[in-house]
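Read through the structures below before going on.
In the two assemblies presented below, chain A is common to both, partnered first by chain B and then by chain C.
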Partner chain A sequence: MKNVIISDSTLRDGSHAISHKLTKEHITAYAKAADAAGIPIVEVGHGNGLGASSLQVGLSLLDDRTMLETARKNLTKSKLGIHVIPGFATIKKDLTMAFELGVDVVRLACHCTEADITERHISFARERGKEVFGVLMMSHMAPKEVLLDEALKMQSYGAEGLIIMDSAGAYLPGDVQSRITHLVSHLNIPVGFHAHNNLGMSIANSVAAVEAGAQIIDASAKGFGAGAGNAQLEVLVAVFEKMGYKTNIDLYKALDAADIVEKEIMDAAPSIKSVSIVSGLAGVFSAFAKHVAIAAKEYNVDPRDIFFELGKRKVVAGQEDIIVEVALALSDKKKRGQHG
Partner chain B sequence: MVSKLIDLVKADCEEALASSVSQLEKLKNQKIFITGGTGFVGTWLAEITAFLNDRYHFNTSLLLLSRNIDAYREKAPHLAARKDMELIPMDVRNIVEIPSDVTYIIHAAATPDNRQHVSDPLGVMATITKGTSVLLDSSVKLPGLKKILNISSGQIYGKQGQGSEAIKETFMGAIDCNTITSVYPEAKRYAEALCCAYWSLYKVPAVIARPFAFIGPYQFLDKPWAINNFIRDALNNNTIRIIGNGLPMRSYMYPSDMAFWLLRLLAEGNPGTAYNVGSPEGISLKDLAEKIKQFVGAKSKIDIKNMNEDRSRIIPDVTLCRESLGLTVKVGIDKTLQRSILWFQETGHTR
Partner chain C sequence: MNARNNNTKKVKVAILGSGNIGTDLLVKTLRSPYLECSIFIGRNLSSKGMSKALSLNVNVSNQGSDAIIKNPDCCEIVFDATSALSHQHHAKILSGLHKIAIDLTPAKVGHFCIPAINLDECLKYNNINMITCGGQSSIPLAHVIGQTQKQVDYIEVVSTIASKSAGPATRLNLDEYVDTTEKGIMLFSNCKQAKAILNLNPAEPCINMQTTISALVPEPDLVALEKSVNAMVAKIQQYVPNYRLVIPPTYENNRIIMSVKVQGMGDFLPSYAGNLDIINCAAIAVAEEFAKKLTDSRG
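After this line comes the complex of A and B, so read on.
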């Protein structure tokens, strides 16, 4: 029976869904439940990762230290993971602090064509004995050959696993199968996949990834994540079990953990809203949804038009300021259309 | 550098040279120009030459070319201050003229750090290709040149098959040149071909050394290689992680053996010939991790993740060196590991 490692992004990607307002009580309750369920890795933090709390991408209710300390206290078997984007997270200020607090797994992420920026962070984390995965975000924006080239860089820097993220929820199973197969056949390290559900494909895409050889799958309880949410963790546990893959997760306890998320943490269950479908089709980062909604309202334009325009401009995470620029341009065009 | 560490290195040199000094007779009273003179290989060549001069009155002088001599003065002040060693601050790519009294050259400029290979592929390739080219051009003009030793790499053999035999110099390795990780081995292959061309055209007496893996003093543990990670994690009582099944076989040579082998190749190697330099004593990654844990006395857990079925073997066949030049390994794997661990502990380089 083959093993699949499930990396739980509930307390990190889910943070996007509640505008980074995780409380100590949320973290305590879910971390305890995830630990009891035997979930291998539990990621915790601001949606954009360590050091990301800012006006640009959203202020976090709790600081990183409080979130990590709280999680650490409640994780005895599960490893504590962090999402790290160089630029947001610095080595001296953020990584050092996170390591002092007992983080086990570092998921070093960058836009899918910028692996060069991860070298120092990966090296530092490996030198401190941490388990390090390289993460290529917005991976639908690059062909499989480019993804492999970037992945080889991360492998050379010392990454012990390589995860591609479908940050926009843009993939169909065939896209995932093609990319994962290519990476698995050329890398010496295990490959992983992180789904978003914009087109309703998160479970199907995660299954396609595992069938193509992926050994690490990201998932969130109840699908709690940015935009239309992630692959639903408890569903994946059940599906993988049925397929004959071993996750070492107790299904009943995973279901209990999911109930906690539904009752105590999330405002509303993730659903595939019309803007989610549009952002998936446009290939735009799922976590833009809230920013787009605000801009659309403020400038009285259709949020779906904003998404398609952002897709044309190939914007990536961290370029949230362009949302307003696009909304303004669309508003201007609309006005000129009315008067012209 | 504390005298205890210098004494350790001297003892290593003494052991490497014991009963073998006469094999380096040709290097007496010679001037050797070394590119990459202050790197790991260059520093060991300087250590063993210093020992030859101090103990055996070889009167061999070294010109050590380096991009960063200040760092060298800090790393090895006892070598930097010696009268038989001259430091030349220069990038190998900028060589125009080599002093006319140079009689031997060792070309060791290039970094084996695979992080740099992918982050600065053009710089890495230029150092190897252009560096070798300008060095060979300059060497043609030397009136008394007796030998050039080009330090290539065991990586030129490419990816090894599962469970393949020890690698002979005649092995026709295959490298997919269209991938970023091939930048270093492909450049090294080109440099070997350049040496061959200069030997064919101008009879430049170029000998090729293909080094494999080494561990010991003057290395750092930051590079993401299995043995470095194992030692570093053991020294910090962290979990030693093996992604695969622990069955891949590797071998590691102690640097005093490496330095002696390289000088022997410089003195007696046949121009136009390539020689493997490394230990033929294979060890599985699982056994390596266990030995390191034992020698450190670490509480580390060894976590074999079994996430791949790799059974590759990267071990050199050194029959050519042994039979034609009488070279043997004097420091076995246990001593290699014990001395390396002691070095990292004493220097405080535990990360």
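After this line comes the complex of A and C, so read on.
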């Protein structure tokens, strides 16, 4: 029986869904339940990871230190993971603090073509004995050959696993299959996949990834994540079991953990809204959803037009400021149209 | 070339570092009526920057800082476009040789300089730090926020640059970029809390550098802000012609935001590399002031 490692992004990607307003109570309740279920890795933090609390992406209710301390206290078997994007987080300010608090797994992430900005952070984390995965975000924006080049860089810096993210929820299973197959056949480290559900493909895409040889799969309880949400963790546990893969997660307890998220943490269960579909088609970062909704309202323009324009401009994660610029431009265009 | 002929009064400068920044600086130096590039120094004679320098008939060396140690009379001013780590080493050498160092790395050794804010004050120092590209575009506006608003709780700047405009040293120095930009914002705005974020965007055709400044200001005075921002933008345009305000000061969602786009002059890299252009234009502006001062002192 083959093993699949499920890396739980509930308390990190889910942060986007509630505008980064995770409380100590949320973290305590879910971390305890995830630990009891035997989920191997539990990621915790702001949606864009360590050091990302900002006006640009959204201010966290709790600072990184409090979130990590709270999670650490409640995880005994599960490893504590963090998402780190260089350009947001620095070694001196953020990583050093996280390591003092006892983080186990460091997921060093960057836009899918920019792997070399992670070199120093990956080395630093490895030197301090952490388990390090390289993460390529918005991976639909690059062909498989480019993804492999970037993945090889991360492998050479010391990454012990390589995860590609479908940050926009833009993939169909065939896209995932071809990319994962290519990576698995050329890398010496385990390959992973992170899904978003904009086009309703998160489970199908995660299954395609595993069938193509992926060994790490990201998932969130109840799909709690940015935009239309992630692959639903408890569904994947059941599906993988049915397929004959071992996750070492207790299904009943994973279901209990999911119920906690539904009752105590989320405002509303993630669903595929009209704008999610447009966002997925346009290939725009899922976590822009809330910012687009606010800007559309403020400037009285159609959020779908914003998404398509953002897609045209090929914006990447971290470029939330462009949303306001696009909304302003659309609103000007509309006004000019009205006045002939 | 006219850079060769009428150079009796020009001040000699060395450029240390033959990457994107150094090579773009070279092209700008050759155009300056006050500066003459006497030596262009790298480590690899076959690099793109070196080839460019050779094609412009500029004296080159692959000896790094040794080129200046061996021939200290080659220059009075040194542009350092290597890396933050290297500059810490170069700073001591250059100070020992009594050279004026204009540092384009985020090493934070020298006196922080934003020409539109503190050009005159900088002429008193022998080591000038150009902070960062994002700092050169955002700090003048952060300064204006600090000057016009009664209380400023927090300032944040986010810069997005084209992936192709970020060379290997920039990529390796991201942490220093963040740290130095934050220090610069706090210093020039008097705001106690600041955050800098840098995004690299690989889109083709390449995007122009864009910087957004947001601030938490309890009692915003937008009228005063807009007036000072316009004046500051005009001042920066004197040394960076394509510095444009794309989102004027706006109050929304309890924050002030404004955004600028910087298009380069297309000297070495194409015009989207406004990030290189702005830090280099700023460095040239300071070097020219030093050159005028040196020439004047010689009578």
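One rule holds in what follows: the second predicted complex is superposed on the first by the 340 of 340 C-alpha atoms of A that agree within 3 Å, B and C clash if a C-alpha of one lies under 4 Å from a C-alpha of the other, contacts with A are read in each partner's own complex, and residues count from 1 in each chain.
Everything below uses one rule, namely that contacts are C-beta pairs under 8 Å (C-beta built on N, C-alpha and C of every residue); 3 or more make two chains touch, one makes a residue touch a chain.
Just so we're clear, the structure is a prediction, and the values are computed from it rather than from any experiment.
Superposition of the two structures on chain A shows chain C fitting alongside chain B with no clash.
When the shared chain is aligned, no partner comes close enough to touch A:Arg65: not chain B, not chain C.
By the touch criterion defined above, A:Gly158 lies against chain B but remains apart from chain C after alignment on the C-alpha atoms of chain A. In the overlay built on the shared chain, the residue A:Gln215 is in contact with chain B alone; chain C does not reach it.
Looking at the shared chain after the overlay, A:Glu325 reaches chain C, while chain B stays out of its contact range. Between chain B and chain C, it is C that contacts the larger number of residues in chain A. When the shared chain is aligned, chain B comes close enough to touch A:Glu131, but chain C does not. Looking at the shared chain after the overlay, A:Ile189 reaches chain B, while chain C stays out of its contact range. After overlaying the two complexes on the shared chain, residue contacts for A:Ser123 are found with chain B alone; chain C is out of touch.
By the touch criterion stated above, A:Val316 is placed in contact with chain C alone, chain B being left untouched. In the overlay built on the shared chain, the residue A:Asp149 is in contact with chain B alone; chain C does not reach it.
Taking every C-alpha atom of chain B against every C-alpha atom of chain C, the smallest gap after superposition is 5 Å. Within chain A, the residues touching chain B in one complex and chain C in the other are 116, 119. Residues 54-56, 86-88, 90-93, 110-111, 113-114, 116-117, 119-120, 141-142, 294, 298, 313-322, 324-325, 328 of chain A are the ones that touch chain C when the two sit in their complex. Residues of chain C that touch chain A in their complex: 154, 156, 158, 160, 163, 168, 171-172, 174-175, 178-179, 195, 197-203, 207, 210, 212, 214, 216, 246-247, 250, 252-253, 255, 257, 259.
Contact residues of chain A toward chain B in the complex are 3, 116, 119, 122-123, 126-129, 131, 148-149, 152-153, 156-158, 160-161, 186, 188-190, 215. Interface residues of chain B, counted against chain A in their complex, comprise 114-115, 117-119, 179-181, 221-222, 224, 229, 232-233, 236, 238-239, 241, 243, 306-308, 310, 351.
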